[in-house]
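So, here come the structures, one by one.
In the two complexes below, chain A is the common chain; its partner is chain B in one and chain C in the other.
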Partner chain A sequence: MLRFLAFRLARAALTIAMVVTFAFIVLRMSGDPAQIIMGADAPPEAVDAFRTAWGLDRPLWEQYFHYFGAILSGDLGRSMRDGRDAIVLVAERIPATLALTIPALLIKVGIGVPAGIYAALHRNSLADRIVMVIAVAGFTVPSFVLGLILVLVFAVQLGWLPSGGQESWRHAILPIITLGVGGAAVLARFTRSAMLEVLGQPFIRTASAKGVPWRMVVTNHALPNAAIPTVTIIGFMVGSLIAGAVVVESVFSWPGVGRLLVVAVSNRDLAVVQCILLLVACTMVVANLVVDLLYGLLDPRLRSAPRQATA
Partner chain B sequence: MTTAPLVAISGLTVAFDGQPALRGIDLAVAPGEAVGLVGESGCGKSVTWLAALGLLPPRARIGGSARIDGTELIGASAATLDRVRGGRVAMIFQDPASSLNPVHRIGRQIAEALMLHRGMAGRAAREEARRLLDQVGIPDATRRLDAYPHELSGGQNQRVMIAIALAGRPELLVADEPTTALDVTIQAQILDLLQQLRRDTGMALVLISHDLGVVADTCERVCVMYAGRIVEEAPTDRLFAHAAHPYTRGLIGALPPIDGPRRPLLAIPGGVPEPWAMPPGCAFAPRCAQRVPACDACLPADAAVADGHRAACLRAVTASIPAEHAVA
Partner chain C sequence: MARITRRAALGATAAGTLPRFAIAQADQRPSLTIAVQKVSNSNTLETPREQSNVGYRISGLYAEPLIDTDWIGDLSARPGLATAWRRLDDRTVEFDLRSDVRFHDGSLMTAEDVAFSFGERLFGTGPERAAGRASVLAGSVGKEPPAEVVAVARRSFPGLQGINIVRPGVVRYVSATPDVTIEGRIQQNVGVVHSRAAFAATESWLAWARKPVGTGPYRVAELRPDVSLTLESHDAYWGGRPPLRRIRFVEVPEVSGRVNGLFSGEFDFACDIPPDQVAVVERNARFEVLGSPINNIRIMGLDQTNPVLANPLVRRAITHAVDRQAIVDALWSGRTAVPRGLQLENYGAMYLRDWSNPRFDQGEARRLLRAANYRGEPITYRLLNNYYTNQVSNAQIVVEMWRAVGLNVQIEMRENFDQVTARTPGRGIRDWSNTSLFGDPVAGLLRAFGARTEAERNGEWTNAEFNRVSEALISSVDMAQRGAMFRRLLEIVEREDPGYLVLHQAASFTAKRRDIAWRAAKGWPMDFGPNNFRLGA
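The block that comes next holds the complex of A and B.
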């Protein structure tokens, strides 16, 4: 168990280091922040001064090692736009994003999983077909399209809900639904196929053959086995709590991390973008780690190496 | 048969998506009796018992009757079936490793049956589960209660399956190819165990196998199935000495002889007809060496060949000759 954990932690650290490196390289090569932040009309001396001030004139490898060293000592840099600490800037936005993504996650799990189970148990019934049509529609329609449709219907036509902004809880409803529907659709499909797979297994027939009532076959025998693949998807969703709302936040002008990311990228505000990417990588890695540990809990086959005995 | 049957199956038919899988099965099992059900894969051996116990998927269309002590099982309520399954008729399957729930401990899976059929829980159930593991010959039973199926071998898992089956004190154990997935040495052990349990508990046994040799040692009576019908039924000794149906004689001819001179094993030419291409007459006729024109005309009726020996073959009565000469 300790070896497993140590291995996983080392792999997680490597993943994060790779994300940091990749983000650094791509951002440095995709445009000159000095020129973009100072504006195209800025005098060359001012742009040069900006470069010197932020260390952009130094060789790339030197910048990289400096940056990496700073991260290790906990310094994530400052925003090139307003000089504040990037981590503070990002942290300010996290509550707003979580206010959307956590309720959306509850919708995804609360609707997607039961719908998938129901569809699997009533395979090929009308209800199954309806659930699957909605599920396919739910994850093929991009969130910005769904968001705009919801705005059109509930904000413009019916006037029930605001179309954007963050003034009250009512402003959160449409973005939460937009986020939740797609995820619920994905989960419904995954849960359904996981359940169908498990329901076809011989041990389900064994349970019925020993007289276990069907309801108990489903709850005691099918669900614990179907949970294993479903937890993977839910783990992925938990991992994207921070950065999973980029598009939706933009559509609904919701001042969360996602919108900050869009603005920071277009400004080449390096420290802020890198800070967000680091945060996303960390949440994703932590979520994956938790999923791995849950696997061990759910599936005894992953807990121990098989100890084969003879008959 | 003189005693009243424990289970009586009559006119049982099953169709999947309109394609017949069983075409009228009549089969009775007396209390304590051991019956073998033999035939090639896909002939309906397993389907017969899955249908009787309501274990087929909903798309299966089931007709006819299967009664236990007069209680009809076909179309019975879920509650009735749940009491019969595991309580009166238990069933074990071919692949023991995948027939046990991978995420539950062995002890829990046995205790579940004890709870359902004998109302046992807690320490009493655990102690009884340990005793059952002991009874089916699993060493160090106390420790094994906490093992998961993947920690046991195939043979041990099949013993666990048998322990689960015994938990409800069934009157009949249906063993569906219980040794097919196991090593040959383990096969013999499991068959011995089944024999011994039958002696100890007095339960009846239906042994489903594609291997006539497996059935010969274990069962008093054998039913040979072909393409969804029972084509011959006889006491085991009589079947081997005086097989009446050409298919049975083909199966016997395909068995390697233990003594006597070496001879090439005889294969039955061709394959079982597909459900959608069933011949109008005898389903075995296209592969039969004794075929006459009448065989293709209509389905041969079940006819008594001798006391307790019936066969569904037009040529059965006239062609009843010892098996070793039968296959041309």
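The block that comes next holds the complex of A and C.
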């Protein structure tokens, strides 16, 4: 187990180092933060002064090693826009994002998984087809289109809900629905496929032939075996909790991490972008680790596989 | 157990209701919510850090210069925090300060505040004042202004020797060199007056820049970076009681979000409306769109160092091949104007009324291309994705106009200005704009072209005679001579050795509730002063 964890952690550290390097190169090669942050009208002297103040006039490799060294010592840097600690800026936005993504995740799991199971258990019925049509629609309509449609209907036409902003809980309803619908559709499709595959397995036929009640066949035999692909998708969704609402936050003017990321990237505010990427990478790595551990919990064969292999 | 009687319940209800009613009675002025694409680029409100349309829009609401601009009218100078001013000599202007101006913290404005605003606030105090280096981290530590603030201040007031206090209520702006544009420079929002005492009491430059204490009709209540800015009425405003209790600027990056929020009643105003959305908004009878040409001119830069454009005849052909009015009619529904070259009517004595752009003449363009022996060599046009309003549509139209005379211009999309102006092979044509911060060529043309300007530093365009004449114009105090020099500059940069092609004036459009009587400015600033807001129109 220790070796398993150590391997996973080393892989995670390498992944994060690559993310940091890649982001640094892409951001720094694609634009000068001084020119972007100071604006097109800024006098050249001001742009030069900004570059000097932030060390942007030094060779790129020097900037990179300086930055990487700072990260290793726990210093994620400061925002070039206003000089505040990048980690503080990002931390301020996390609650707002989680206020959308956690309820949305509950919607995804709460609607998507039961809908997928129901559709699989009623394969080729009218209910199955309706569920799948809705799932395909929810899966294929981009979130910004769905968001705008919801705004037009519920904010502009009916006037029931606000179109954007973050003043009250009512402002969160439309973005949560927008985020939740797409994810629920994905989960419904995956759950259905997984269930159908498991339901066609010989052990399901055997259990039924032995006289095990159908409900128990489904809950004790089919569901745990079908859970692995579903858990993988849910793990991915958990990993996206921090930065999985970039588009929706922009559509609904929701001041979360996603919008901060958009602003930081467009301004080439390197420290803030890196801080968010690190956070996302860490979340994703942790989510993957948890998913890996859950695999073993769900499927005893995976737990014993390494032992058998080394035996 | 306590028993709630009907009488007690009514009494409690009344007690809970009456005070609120009383408060409402005390201040019945409306509050506004305004949707904007961006509240502040730098997440600060200090004007030297916010030198863009975003900053120009709001700065006048909380801070004012000594000489104001008639933004609603003809952009002429008008008394601001100074009631009068007079020239003492070529280098000195004396100002009489208003005696009844109160800062947002309640203190009276003094001559010392003016001296501070043009001194310590912009240039710092310490031994490292010259470089502004003491505040490497954008002013988050200490109170020295960031280096870029010092640079902007130097650029805005290049010859400033100091503000001399003559006596209480009278100050002198002294320039080290002769300068006829001192009054114009004073109109810039970099030179707004802030409270010296409030600055002294703040913990850092950044904290100050987030909540500066000025004299405008509204005081800064809260700036939530990238989210919103809340301004509250400054009831002791010298110009009269502001008509609004509170103004809240909300950042809504998407146009659709701003328009939908307006329609749903969440916003009273929606700014940064592109021309193609004007009809969409006005289809709804409850709303209208206001806007007009502003003090910003859209141009296209022509790079002298491009192998094809190195021949001025090709650049001249480019300027003759564009039908500017057709662009204004097609993309702007005629709601902006084609200026007479890179100048605005508020230049006063410096405005050349008889000047004109190279005329739209396809025959002349073809003739020039033949004379240049141009054989269809490709010319690169680096384009941003709608950084400027209608930028991509405009580019596509212009490229077709050029194609019609035989020019082979290839669009290359870029992500930011740094990529556009990068000194890499292929740099040729690019979009640009030029804002005249006050009424003089020094504030417009000569900010972008001439010695040590962006065009020269980027290595895009330079001309020895232009540089010589522009230096002479900057230091000249003879208006007739300056006018002649300005004409010569335009002849060089627009006709003989074109450095740019003038397209049209930019225009700013703001959607609003039709029942609000409000006039839009002829520039970026939004005016919600005592004389420019009324409900029930």
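The rule is short, and it goes like this: the second predicted complex is superposed on the first by the 305 of 311 C-alpha atoms of A that agree within 3 Å, B and C clash if a C-alpha of one lies under 4 Å from a C-alpha of the other, contacts with A are read in each partner's own complex, and residues count from 1 in each chain.
To be clear about the criterion, a contact is a pair of C-beta atoms (placed from the backbone, for glycine too) under 8 Å apart; a residue touches a chain by one contact, two chains touch by 3 or more.
Please read these numbers as outputs of a predicted model, since none were measured by experiment.
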The answer to whether chain B or chain C touches more of chain A is C
Open item on the list: So in the superposed three-chain picture, is A:162 touching just chain B, just chain C, both, or none of them (first/second/both/neither)?
Closed with: second
In the superposed arrangement, does A:207 touch chain B (first), chain C (second), both or neither?
first
Q) Just chain B (first), just chain C (second), both, or neither: which does A:78 touch? A) second
- Quick one: classify A:48 as touching chain B (first), chain C (second), both or neither. second
Could you tell me if A:298 is touching chain B, chain C, both of them or neither one (first, second, both, neither)?
first
### Message
Which partner chains sit in contact with A:95 here, chain B, chain C, both or neither? Use first/second/both/neither.
### Response
neither
Original post:
After superposition on the shared chain, which partner residues are touched by A:221: those of chain B (first), chain C (second), both, or neither?
Top reply: first
Practice prompt. Please work out whether A:31 is in contact with chain B alone, chain C alone, both, or neither, and reply first, second, both or neither.
Written response: second
Listed in rising order, chain C residues that touch chain A in their complex are 41-44, 51-52, 131-133, 135-141, 146-152, 154-155, 206, 224-227, 250-254, 256-257, 260-261, 263-266, 387, 415-419, 432-433, 435, 447, 452-454, 457
So, in the complex, the side of chain A touching chain B is made of residues 201-203, 205-214, 220-221, 224-225, 298-301, 304, 306-311
Chain C partner, complex, touching residues on chain A are 30-32, 35-50, 52-54, 78, 80-84, 148, 151-152, 155-156, 159, 162-166, 250-253, 255, 259-260, 262-263, 268
Residue positions on chain B within touch of chain A in the complex are 50, 53, 55, 78-79, 82-87, 90-91, 93, 95, 98-104, 112-113, 116-117, 148, 150-156, 159, 161, 164-165, 167-168, 182, 186, 189
